[in-house]
Structure formats: structure tokens, C-alpha cells
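Here it is, the structure, as C-alpha cells.
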Amino acid sequence: MPKYAKDVSRTLGLPPGSLVHIGEQKLETPLITIFSCDVDHCAEKIASTAADAFVPTDRPGVLWINVDGLHDTELIARIGQQFHLHPLVLEDILNTDQRPKLEDYESYLLVVLKMLTWDEKSSEILAEQVSLVLGKGFVLSFQEEKGSDVFNPVREALRAGKGRLRKSEADFLAYSLMDAVVDNYFVIMERLGDNIEELEDELVTGVQPQVLRQVHQLRRENIFLRKSVWPMREVVGGLERGEFPLMNHGTRIYLRDLYDHTIQVMDTVETFRDMLGGMLDLYLSSVSFRLNQVMKVLTIIATIFIPLTFLAGLWGMNFHFMPELRQAWGYPAALLLMAVIAGWMLYLFKKNKWI
Amino acid sequence: MPKYAKDVSRTLGLPPGSLVHIGEQKLETPLITIFSCDVDHCAEKIASTAADAFVPTDRPGVLWINVDGLHDTELIARIGQQFHLHPLVLEDILNTDQRPKLEDYESYLLVVLKMLTWDEKSSEILAEQVSLVLGKGFVLSFQEEKGSDVFNPVREALRAGKGRLRKSEADFLAYSLMDAVVDNYFVIMERLGDNIEELEDELVTGVQPQVLRQVHQLRRENIFLRKSVWPMREVVGGLERGEFPLMNHGTRIYLRDLYDHTIQVMDTVETFRDMLGGMLDLYLSSVSFRLNQVMKVLTIIATIFIPLTFLAGLWGMNFHFMPELRQAWGYPAALLLMAVIAGWMLYLFKKNKWI
Amino acid sequence: MPKYAKDVSRTLGLPPGSLVHIGEQKLETPLITIFSCDVDHCAEKIASTAADAFVPTDRPGVLWINVDGLHDTELIARIGQQFHLHPLVLEDILNTDQRPKLEDYESYLLVVLKMLTWDEKSSEILAEQVSLVLGKGFVLSFQEEKGSDVFNPVREALRAGKGRLRKSEADFLAYSLMDAVVDNYFVIMERLGDNIEELEDELVTGVQPQVLRQVHQLRRENIFLRKSVWPMREVVGGLERGEFPLMNHGTRIYLRDLYDHTIQVMDTVETFRDMLGGMLDLYLSSVSFRLNQVMKVLTIIATIFIPLTFLAGLWGMNFHFMPELRQAWGYPAALLLMAVIAGWMLYLFKKNKWI
Amino acid sequence: MPKYAKDVSRTLGLPPGSLVHIGEQKLETPLITIFSCDVDHCAEKIASTAADAFVPTDRPGVLWINVDGLHDTELIARIGQQFHLHPLVLEDILNTDQRPKLEDYESYLLVVLKMLTWDEKSSEILAEQVSLVLGKGFVLSFQEEKGSDVFNPVREALRAGKGRLRKSEADFLAYSLMDAVVDNYFVIMERLGDNIEELEDELVTGVQPQVLRQVHQLRRENIFLRKSVWPMREVVGGLERGEFPLMNHGTRIYLRDLYDHTIQVMDTVETFRDMLGGMLDLYLSSVSFRLNQVMKVLTIIATIFIPLTFLAGLWGMNFHFMPELRQAWGYPAALLLMAVIAGWMLYLFKKNKWI
Amino acid sequence: MPKYAKDVSRTLGLPPGSLVHIGEQKLETPLITIFSCDVDHCAEKIASTAADAFVPTDRPGVLWINVDGLHDTELIARIGQQFHLHPLVLEDILNTDQRPKLEDYESYLLVVLKMLTWDEKSSEILAEQVSLVLGKGFVLSFQEEKGSDVFNPVREALRAGKGRLRKSEADFLAYSLMDAVVDNYFVIMERLGDNIEELEDELVTGVQPQVLRQVHQLRRENIFLRKSVWPMREVVGGLERGEFPLMNHGTRIYLRDLYDHTIQVMDTVETFRDMLGGMLDLYLSSVSFRLNQVMKVLTIIATIFIPLTFLAGLWGMNFHFMPELRQAWGYPAALLLMAVIAGWMLYLFKKNKWI
């Protein structure tokens, strides 16, 4: 269950810029991966302790330091010092309850994203915060967990040296990481879409109560998704339009493509919202309609038999002087009367199109 | 059923600009039609293999290459090389899950549109992506299927040499193709409008459950339509306002007309949405009202007869000492009492305006 | 019933600028009225055939040509040639399914309006398209039907020579015609407002099913009205703000007044929408509440008598050994027991505030 | 009941600028109050006839002419001539169905406001139009009725000479009058707020049908209020921001304060709308829930007794050969069977949490 | 219960700028705390009477005067004189029904905020107005109650001299106070979020009526919260963007951080709104579904037994000539017939998927 407001209260009363990790600790020890590439070769290093993490940045090419695991505030602070990051940047990286945003600190850019994964077991969307710092010649990326899945294509491309990645500057690497995150949204879209189509089929066959809960759950996930995706528009749009000297002109075209993808995700989220709203309406109307059908059956049966039962009770009374009871035609006449009443009622129901 | 998110996941992990066809393969072999026209004559060629597709572009007049069928990525890549298209343009052409958009690549413009057709059998709107590349002296158009129907008037006009088409430059040809696509939307509007009016008539006559499903289906189609039409506004508006040197002043007036058409389609989509929402309300209210009517009948019948049946049961008891049973006036008095009770209840119902 | 999308499909496949009349033919022969006025005198001519329609435009003063009936495309085309109108202008005039719009063709302005009339018989709003072309020294107006009612005050004012009309240039005449159209909207507002108030009174007295249909119909008419009025804002606002040399400064103040009227109409349309939405809620809630009342009556009656009837049935059984039946106190005791049960139930209902 | 569209149709066919009073005549003879003040003294005159109304405007200080009652169009026209007002200004003053607006006529400003009062008897908001004309050295105010209540504090301040009023120019007087009108809105807010809180308390105690009507009525009043207050934002905001030479810099700060008040009123109106919508939801849900409760009681009683009554009827049949009737254990066994059935049903209901 | 419109009517008829305290008196005597700090030392004084409150402002460093309790208008007026505040500023400080706003008075800035606290007992949000006046070298803060909790961290930081607080100018102190207020919003968010999650769990287990009231109450609190938080966006955004010379460049980065926090709070408020709306839908649908279930049970029982009871009544009639009663097979045949009818009905119900 996505928590709506994480325990930010822990930082209450601390001066701004204090480094406190807000969020779950998802890894035991932080893992630091360092890629140091230029057009010709690409060095890769996995640093297990903080001391190994710092490589000089004065060499040509691009340096990419990826940190998995944010609970070691000491380590984050050291990286911050090394790259001259503002204390508020470090605070933002550590507070995993941020909304996606783009901040310009003149010599570097901070991009905060949400990486989303679909949890099959609970049919929920899990969010993980990814912070990117793009500076002259380096990219720092911070994740809560080992982000092996989503960033791996970028790693492969760096190792293989295919495509533009090693030929370009740090801005293209930052774009590639963002692209990897946004591409992953489409997987979430597919899963949600599949679930919605399944539910629609179930709605057509019948009105089970669990359908309602599933529609509610999907709406919740969609609200959650919307909250994560909506600010992405500003982030990517800002990068594309903004006059950031760190962003080369060639990368802009790719950012426009990324912006299109973001808009497409948002469009789909809105379509899902409309679809789920429509399904709820359909469910409610179906329940109403079925109640109507049930009541009609009850009413028809009751309306026909209640007067007949009364008549039977009437002639079942024990008054001594009930002359009709003694006549030979009494019983057939009573049966006939009852048949006439029942037939007349059926005729009325037919006329009113109830049956 | 329109799929909400096509299998974009197939491209996950590929570097941006990788050419993968996303969508169904709707044709066996791509079909390439080439029109090469100037004011005086017009050459038309159908290329069955990729090798025939490339004609030199250094001749005067307008060159229009139309490609039906997108699954042959090799072919698309070759055309891209020939016309110096950016890899992202080719990616956009092949990914048929794009939203309509306009992109300026300085020496050419990319316009992505949705061509909509109404499928009579399933009462659904089918969408097909049409991508146009407008460059200096040429127009490339890419469709998923053989688009014989919609672009035929343009072909006829080119052959006949009537109107402005052969007298103008490539921008007017591109406008004509877009106009053909948008004109086709009005057919969809008519079909949807007819369906909505039919449903309204059905709603007036009675409350069938299938009406509800049809309203739901129409709402879904309308949501789908909206998603396709809404971005068209930006596309056409952008072409009209934007300072693109490829767009001549004379064509601008026609683009403004096209923009008006787009706005009109959007207006109608919004009106449909309001109408369908109102119909759902009407349906729900009618069901509620009918339930009320059914319950009233049941209540009136039950309320009158239940006390009478009780009385009949009372005098049907087998107690030995029930003095009234032995009186000659017992039975008539009982009948009278019952009639009085029934009459009084009817009076109460009348007073409360139930009957 | 306002058709949502007129048969625009007839123009499919025609090149842009083709003249096809879209809409019903409402008149047998078009009627052309020509006013040619300056400050001192005003000549009025009714042309029955197309040949009479063209008077030279090089004289001082204002020329107003009003055409009633649009199906004679030949005639419209000839007027277009005479006044050098762009083919798209003529297409817009003939296509009566336009939304209100303002288009600047540099040497003249095209204004498309919707003239609305209230049809008493069907309680519907009927729309008729009015197109105005304002040029240097002339105004052309095109209507679908003989617009005797709405433009008559302008004709009277021209004949009488009172007010600013004959002292001003063509722009004031165009303003006066638009003002006549917008003034007429207030009549529609009054009718709709009256109908809404009547319905509200009916809602207070009871819950008739036809009220629901009437609310639905009024909502539909309001949606239709909204679609016609909303774009008027842009049209009149554009005229007021826009830097059109054809609009004199003195006329601007009047256009601002017209703009205020348009906003006021829109405000009222929005208020109607809210009112009608509220009435639907009230209707639905009333139906629910009444259903509740009905069910309570049924439940009270049934709950009291069902146990009593069971007891009566119990002592009506024919078992041979039912000792209580033989006791003298059996019958009174049974009656007492029944009375106690009934009383206890009534007490419970009272306590739960059901009665 | 606020009429949604007053009888504007009366002006149909009249040229723009024709003076017709639209609205009810609320006073027999118009009352004209003239304040002519400077820093040192303040002359006050009540003019009973039109002739007295005109005092020369070439003296120093501020002249304030307040006219109560608008039906004497002759008088309004004379004042218009005296102060060189545009005919459209007079038309706006007389048409009391205007929305609040601000219009700049270069040498003077026209401000149209709505003065709202709460009618205790009908629990309705009554609106009265107040038009202000602010010129160099004078303020004209036009009201429909004797506005003694709302403008009295301004009169008192003028007489007493306290505060900035007599030290400032006409713009501060105009501000003071507007401030008096807006301050009065808070009284309406308080009344509406009190009514809403009362209704909420009633909703908690029970579901009376009149609550529904009251909620509906409050929603209607709120819609009406919204329509009056919303355009005030533009009016006051326009005055504050606009570059009107008539507005001194010192008055701007006061206008900003007035603007804040207007925004606050709008905020409250929106909050009321949300509250009332929420109350309707709560009402509807409560009705649904209660219906559910009622139906449960009926179902429990009916489900328990209907089978028992059947059994009683079964053994009440008069077949000659029903062996169980002759057994001594027949009756006790029947009773036991019935008790077992009833107990089992109660157990089932308990298990399903119905009771 | 948050009052929607406080008794502003008390100020009716007073000239603008009159000092009247609007709101509850929450303290007996106002408490004045004075911090006078520079980089090296920090003097702290608590003034119990008004006379002590005024310290000269011509010393270097930052002066912070915090006033708890606003009912002593005399005191506020004296402080106003001392710091040359505009009368409208004092009016705003005293009227605790303000919405958050930012006003620029050139030599100082007025910031009005809402401090929110969660009242555990009533599960309500309590609001208290905090006004800040930021001038050259001083910050004045005005609260309704002793604000010991929220501003204490700032006091501690001033005393300890850690962080930027004592090294910066007055603008950073003002930022720190605003940050303390906004940080506190997250606590409210957490409480609301916890309550919403609890309610969702309750909704899953069953449909209790109090859940409905709790959802309604949470919606009300959320509306209230929204009204307080929404204008904060403009306030903080205005401070960040605005060209106020009082705001140093270094503080801007911190204000951007504060702005992010505000947006995040607003996001969460919107998410809560969607969640609560979804919960209401779920509740209503569940109630509908359960009603359906209840009615089905009733209908099945009644439909099976009503015809059987009729038959039992039929053969319980006392007609003398009912031949079947005398047959030995009569009773078994009757029982068989009843069993067949019941079985057939059960089969029908099964077929229609009712059981």
C-alpha cells in the first residue's frame, strides 16, 4: 500500500539542509558503481566501501557514479562535499518522499524522478526515488535499491560503445537514464491496461462484489500513478525548453522525444481514469438494474398469490354459517374465481411490460 | 477493442532511435506509391520492391512517396537514409502508438496523425497511424494499411490537375493529405451521432439493460476518439501559427480552415460526452423510478391483504370456545370488517397519492 | 432535435474550396435585399433573381446585401466573384454546420454567427447560421431562411435614419446586425429560465416521471446552447481587441458592450447547467426518499402481521392433541398474546423513529 | 426567487443606447442625495426633484451624487448629459440585469456592482445593482432602492471628516463605496454559513426530507452568489492593476485590500459549494443505508416466519388421511421442528452479520 | 468545527484601517518575546507589558519580535507606529480570518500564513493565523496563541548559533519561520493519511454507518485544509520569483525548497480528495450490493413458500365437497406437488445464478 505521507515528521525541528534519510532502508550496505568512459574505452568499478567511491573528475570523458541505497547519510554527505553539492540537494536526495522535480543550481542540475515497478503479488505499483545530478562531465545517480533492471541497458550500451552514448557528453548519459525510467512506465501502463480489460470482461458476465473492490484498487493505483507522472511533464519539458548550458543542442531533440513519451503516459493515465469511472458507473447501474429485476419477480409472485391465499384463508374460517361451503359448486367456483384473479393479474403485468 | 497501451515493452532496453515496428502487421508486403508532379504533368509509379522506391529528388515540382505497411523496418530505414531523416523520426513512424504530434527538424517537418475508421461489425472506431514528412519539394506519407479510401481524392486531384494542388508546392500537398484525414473524422461523428440518437429513442421507450451497455460502449469510443482528436488541435494550430519557412502564406489560410474543422470535431466530441453522461443519468433515474413503481404495487397489495389474511387465519383457528363462530351474523360481520379495512387502506393510499 | 453532425460526408473527396450547400433547404428561391444608404438617403431594393443582385460598390455610403436562402450555390459563387471573396469564405457560408468564428482576410472580415429561435411546439432551440462579410464600405449577410424578425429593427433604423447607423461606416452596420443576433439570445434565456422555474415548482409538489424527461430535455437544449454561445466570446472579443483597420474606434465601445452581453449569456448558460444538475440530484434524492417511505410502510405492516398470521395458522392446525384448543381461556389468551406482540412491535418501531 | 433572465426582451429591436429601465420599480420617486465636500467642510443636500440635482462641478473637493431609484429614465438621461456620459453607460446603469463589470471611458470609469442582502423571510439572497461613475472630482452612484444601510458609514465618515475620506480625492470615495458593498458580502457569508452548519447538525440526527430541499435551496443561493461575486474579482483586480490615471497610488493599496476581500468571499463560496455537495452525498448515502436497514428487518422477519406459516398451513389442511395429526407427539414435534427451523435461520443471519 | 465565516460583521461600517480583533481571544495577556541577535551573541527578552516591547532597531544584526495574543489592539497599534506599518497591515494582522497572502509595502513585506494543528480529541484541524512582517533588519511575528511548539526549533537554532541563522540577515529568519509552519503541515498530512488508511480497512471488512460519517468528516477537513494550503503556493512562489530587494539571492534557493514542500502538500491534499471520493463511491456501491443480496434472500424464500402456503390454504378450506381430501393418496400427492414446485423454483433460481 503506497503510504500517502511518509514519516517526514522525523525531520521536524531540524534546520533546513539537515541530512536525514526518509524512507525504508531497502539495502544493507550501499553499493557504488562507477563508470568512467570516453569514446575509446570505458572503465567500470564497483566500490564496496565509501573510501573507494571517489575518483578524480579531472580526466576527459564522462564519469557516472551510481549509488544504490540511501541510508548511509555519511556517504552521501561525502559525495556531496566531493562534488560541491548544496546541502538542500543532499536533503532532496535523501528524502524519498519528493515529487519529481528539476532544479537548476547553475553549475549542476538536480533531477528527481520516480522509478515505478509493478508488484505482481499485491497488484500494486511500487515507487522508488531516483535522483540524478548532472554536472560538467559527470552524472551522479542515487537509487533506493539495487536498480539492476532499469539502468542495465544503459550499462550495456556504455560497455559495448554502440550508439551515441560514449560519443556524447554527460547530458546524453543523463538523458539515457531518464529515458530508461520513462520507458519503464509503459510496462506499468500495459499491466494496468490488461487489468482494466480483464475487469471489463468480468463486468459483462456478471456483477460480482470483488469486481467493485478491484475497480477501487485500480483507481487508487491510477491516482498514485498520476501523482508520480504528472510532475514529470514539467521536469522533462523544463529540460527541453530551459536554457541550460549543460544541455547540448543535439540532446534537445532526444529530450523532445522523451517529453512526447511523458505526455503519452499522462494521456493514458487520464484515459484509464475515465475508463475506470465509466466502469464504476456501469457496475452501479447493473446492480440497480438487477435489484429491479429481483424486485419484479418478488412482486409478481407476491401480488398473484397474496389475494389467492387470502381467499383460501377466508373459506378456511370456521364460522358455522357459511352457506357457500355447503354447495356442491362451492369448491369449483372458488377455484375458478382464483384462476380468473390470477389470469387477470398476469394480463395486467403483461400489459405493463413487467413480464 | 482499442488496446490502451500497445506492446511498447518490446523496445525496452534498446537505445533511443532503434527501429522496431510497434503495432500489428496489417499487410503482407509494403506498397510504395510514387507521384512526381509539376504544373504540366504528373508521373505515377507503383513500386512493389524497395529498390524501386527511390527516385531522385532534384527535379522541379513535388514528389509524393506513400508507403503502405510499416513492418519492413529495413525499407523504412533506407527511405530515411535517402531523405536524411533523424533516427527518432523513423522510430516515431514505426511506433504506431504515438499520439498526434508535430515536430520541426528544421529541414523538414514530421506530422503524426490518426486516421479513424468506423467498424460497422463491432461498432468500434479503428485507428491507424499516418505519418507525414514534409520537406523542400517532397512529401512522404506512411500508413499501416492500404489507405486507398482516404487519400484517393488527393490522388484524383493530382491526376486531373484541377484545383491548386499541382500549381502549389509540397506544403499544399501535405495540407491536402491532412485535410483528407480530418474530413474523415466527420464520418465518424455522424455514425456516433446516429448511434446516440438511436439510443436516446430507446431510452424513451423503455429501460432495457442492453441500452446501458451500449451507452457504456459509446462512452468508451468517445474517450478513445477524444484521445485521438485532442492533440490534433495543437498539431494543426502549431502548423498555422508556427513560423515554418516550409509553409507558404497561401497555405496558411487553408490551415486555418483545417484548424476550424479540428475545433469543430473537438466540440462535437465534448457534446457527445455531455450527452452520454446525461443519458446515463436518465437511465439510472428511470431505473430508480421504476423500482419505486414496482415497490408501490407490491406494498399496496401486501398492505391490504396481509391484515385480511391474518383475520381469516384468526377465525380459522380450531379453539373450541370461539363464540363469534357460532353466531349467524359472524360470517357477514367478518366479511364487512374486512371490506371496511380494505376500503380504509385504499383511502389512505389515495390520500398519500400512491394510487 | 438538433442533429449533432450534419451530413458533411457529402463533401468528402472534394477539393477544399468546393461549394456545396450543407444543411436543409429552407426556402424555395433565395431572396436578396439590398440597402444602399448614406447620411442623407437610403435606397432599398429587393432582387428576386441573381442578375439584379449586383450593384456597383464605388458609391459613397454603406451597401448592405442580405441573402436569404443558401442552396443556390451559383448565386453565392457570383457574389463571391463580385466582391473578390476567397473560395474558403464561400465554403464557410454554405456549410451551415460551422461553429461561430471570426476570420480576417485582410481586405475583409468573415463573421459566422448562430441565430437561435425557440420552437414553442417542440420546446427546442432551432439554430440558423448567419454569415457576415464586412468589407470597406459594404456588409454582406447570408441567412438560411427569411430572417425578417431579427434584422428588422436594423432595417427600420436604416429607413428612419435615426441613431448612429446611417452616420457611421460599414463597421457599425455589422455591429448592429451582430447585436440583433445576440439580443435575441436573451429571449431564449427567458424561455429556458421560465421552463426551469416551472420544473422546479413541479419538483416541489411531487415526483412525476415526466419531470425527469423534461430535465433531461432542458439539459440537452442547454448543451446545444452552450455549444453555440461559447465560441461567440472569442468572436466578439476578437473583434473588440483585434487590431482590424476596418473597425473604427467609436465602434469598439459598442463591441465592448456586445462582448458584455455575450459573457452575460454564457454566465446564464452556466447557471442553468448548475441548476439543472441540482434538479436532477433533487429528483433522484426524492425518488430514493420516497422508496424508503414505501418500504417502511410495507415493512411495518408485514413485520406486525406475519408473526400473528403464523400464530393463527398454528392454532388452525388439525392435530388431534392440542390441549390449549380445548381450554375456555385458549381463545382469549391467544388474542391477548397477539395484541401483546403487535404492541411490542409498534413500540420498537416507535423507538427506532420509523413511525 | 432570483429570476435568471430578466425581461430584457423589452429592449429588443431598440437601437443600442436606448434608455429603458430593466428591473422592478422599487421606489415611487427617485431620491437624489448630494454631498459636496472638501477637507474643511461638507455640504449635504437632498434633492426631491430632478431640477435640484445639478450642482456645478467646477468647485474644488469631491462631489458625490447618489441616485436611489432608476425608473425615471428622463432624470438619468439629464444627469448623463450634465456629466457627458456615453449613452451605453446610461443603458448599463438602467439595465439592472448586468453582471459586475469595470469599463474605462477614458475621462471616467464605470463600475457596476451587485449589492446583496439576505432576506430572512424567504431565506434568499436579494441582489440590487449599484453603478458607480468615477470622474475627475466627482462620483455618481446609482441604486435601485434607498440604500440607506450600506452607504451610511461612508456618509457618516464624510460628515465627521475623520479618516482619509475628505482628505483624498474622488477615487478614495469610490473605493469606500465599493468597500461598503463588499464588506456587506461577509454578512451574507455568515448567514449562509450558519444555515449550512445547522443543516449539517440536522443531517447527523436524522434523514428528514425537508433537509434535502434546504440543501437544494442553499445550493441555489450559492450558485446565485457565485454568479454575482465571481466577476467582482476582475472588476477590483482590474482597478488595482489597471493604469487608470484617475486612481492615485495611495488608493491602490486600499484596492489591493479590497481585492483580498473579494478573493476571500470567492474562496468561501467555493468552500460552501464543496460542503453542500458533500452534504448531498451524505444525505443520499444515509437514505441508502437506512433503506438497507429497513429491508434487513423485513427480510429477517419474513424469512423466519414464511416457512413456519407454511408448515402451520400444511398441518391445517383438511385431508382425511394425514397420519401425523393423530399421533399424540404430533403437535409437540411440529412445534419443535418449527423452533429448530427458526433457530437455524437466526444462526444463519448471525453468521452473515445481519443481526 | 471550523467556522466558515467569522464574525467579520463586527467591522461593518468602520472606515478601512480600523483596528478590530476578529477571532477568539485565546490568551489572557499577550506575550512578547524579543530576540536580538548577530553572529556573535544573541539577547533574549520576554516582555510582559507593552512598554517593554520596544527596543531600538538601529543596532546591527537581526531583531525578532514575536507577539502571542492579538486581542490587545492598543499594543499592536503601538508596535505598528514604532515600525511605521500601514494601517491596513495592522488590520490584516488583527483579522484572523485572512487567507494566506503576501503583500509588498516597499519598505517591508507582510506574509500571512495559517499554522495548522491536529486536534486529537475532535479529529479536527485547528487553524491559527501567523502574520510575519519582514523589514530591513527585523522580523515581526504575530500569533493568536503561545506558539511554543512550532517556532521553538528556530529559537533553539538562534540560541545555539548553529546553521546559517545568525550568519544571515532577517530574510533567512523569516524563511525559517515559514519553513517551520510548512513543515508542520506534513504532520497534519500524516494524521489525515493514517485516518484514511484506517477507514479504507474498515470499508473492506464491512459497511458500518459511522464509516460514512467519518468519510464525510475527513472530506470536510480536507476541504478546510485545501482552503488554507492552496494560497500558500502563491505566497511562497511569489517570494521566490518576486524581485524583492529584501530577499537575498542565497535565501532564494531555500525558498524554492519551501515552494517544493508547499506543492507536495497540495499534491497530497488533492490525492486525499480523490481517495475520499473513491471511498464514498465504494461505500455507496457496497451498500447497493448488500441491499441486492438482502433482497435476493427475501425473494427466494418468499417466492418458494408463497405458492406452497397458498396450496396449503387451499386444501385447508372448509368446503364440504372437496373430493381430493377424501382420497388416501391426497395428502402424499399434495406433498409431492409442493416438493415439485419448490424444486422447480430452486432450479430456476440456480439457472438465473441467484443462488
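Going in written order, the chains are labelled A, B, C, D and E, and every chain counts its residues from 1.
By our rule, a contact is a pair of C-beta atoms (placed from the backbone, for glycine too) under 8 Å apart; a residue touches a chain by one contact, two chains touch by 3 or more.
On a predicted model such as this, the values are computed, not experimentally measured, just so you know.
*Asks:* Go ahead and align chain A to its copy chain C using Cα positions, then give the rotation in degrees, nearest 5.
*Replies:* Rounded to the nearest 5 degrees, it is 145.
*Asks:* Under the over-half criterion for shared residue numbers, do copies chain B and chain C use the same patch or different patches to meet?
*Replies:* Under half of the interface numbering overlaps between copies: different.
*Asks:* Distance-wise, how many Å sit between the C-alpha centres of chain C and chain E, to the nearest whole number?
*Replies:* Roughly 41 Å, centre to centre.
*Asks:* Give, as an integer number of Å, the spacing between the C-alpha centres of chain B and chain A.
*Replies:* 25
*Asks:* Identify all positions of chain A at which a residue touches two or more other chains, and write them in rising order.
*Replies:* Residues 284, 288, 291, 295, 298, 302, 306, 309, 313, 316-318, 322.
*Asks:* Looking at which chains touch, is this a line, ring, star, complete or other?
*Replies:* Graph shape here is a ring: one loop, exactly two partners per chain.
*Asks:* Please trace the ring of touching chains beginning with chain A, moving first to chain E, and write out the chain order.
*Replies:* Order of chains in the ring, chain A then chain E onward: A, E, D, C, B.
*Asks:* Considering the complex alone, what residue numbers of chain C touch chain D?
*Replies:* On the chain C side, the touching residues are 152-153, 156-157, 162-165, 176, 179, 183-184, 186-187, 189-190, 192-193, 196-197, 204, 253-254, 256-257, 260, 263-264, 267-268, 271-272, 274-275, 278, 281-282, 284-286, 288-289, 291-292, 295-296, 298-299, 302-303, 306-307, 309-310, 313-314, 316-322, 353-354.
*Asks:* Residues of chain C touching chain B in their complex?
*Replies:* Going through chain C, the ones touching chain B are 1, 3-5, 7-9, 11-17, 86, 88, 91-92, 97-99, 101, 103, 105, 206-207, 209, 212-213, 216, 219-220, 223-224, 227, 280, 283-284, 287-288, 290-291, 294-295, 297-298, 301-302, 305-306, 308-309, 312-313, 315-318, 322, 324-328, 330-331, 334, 338.
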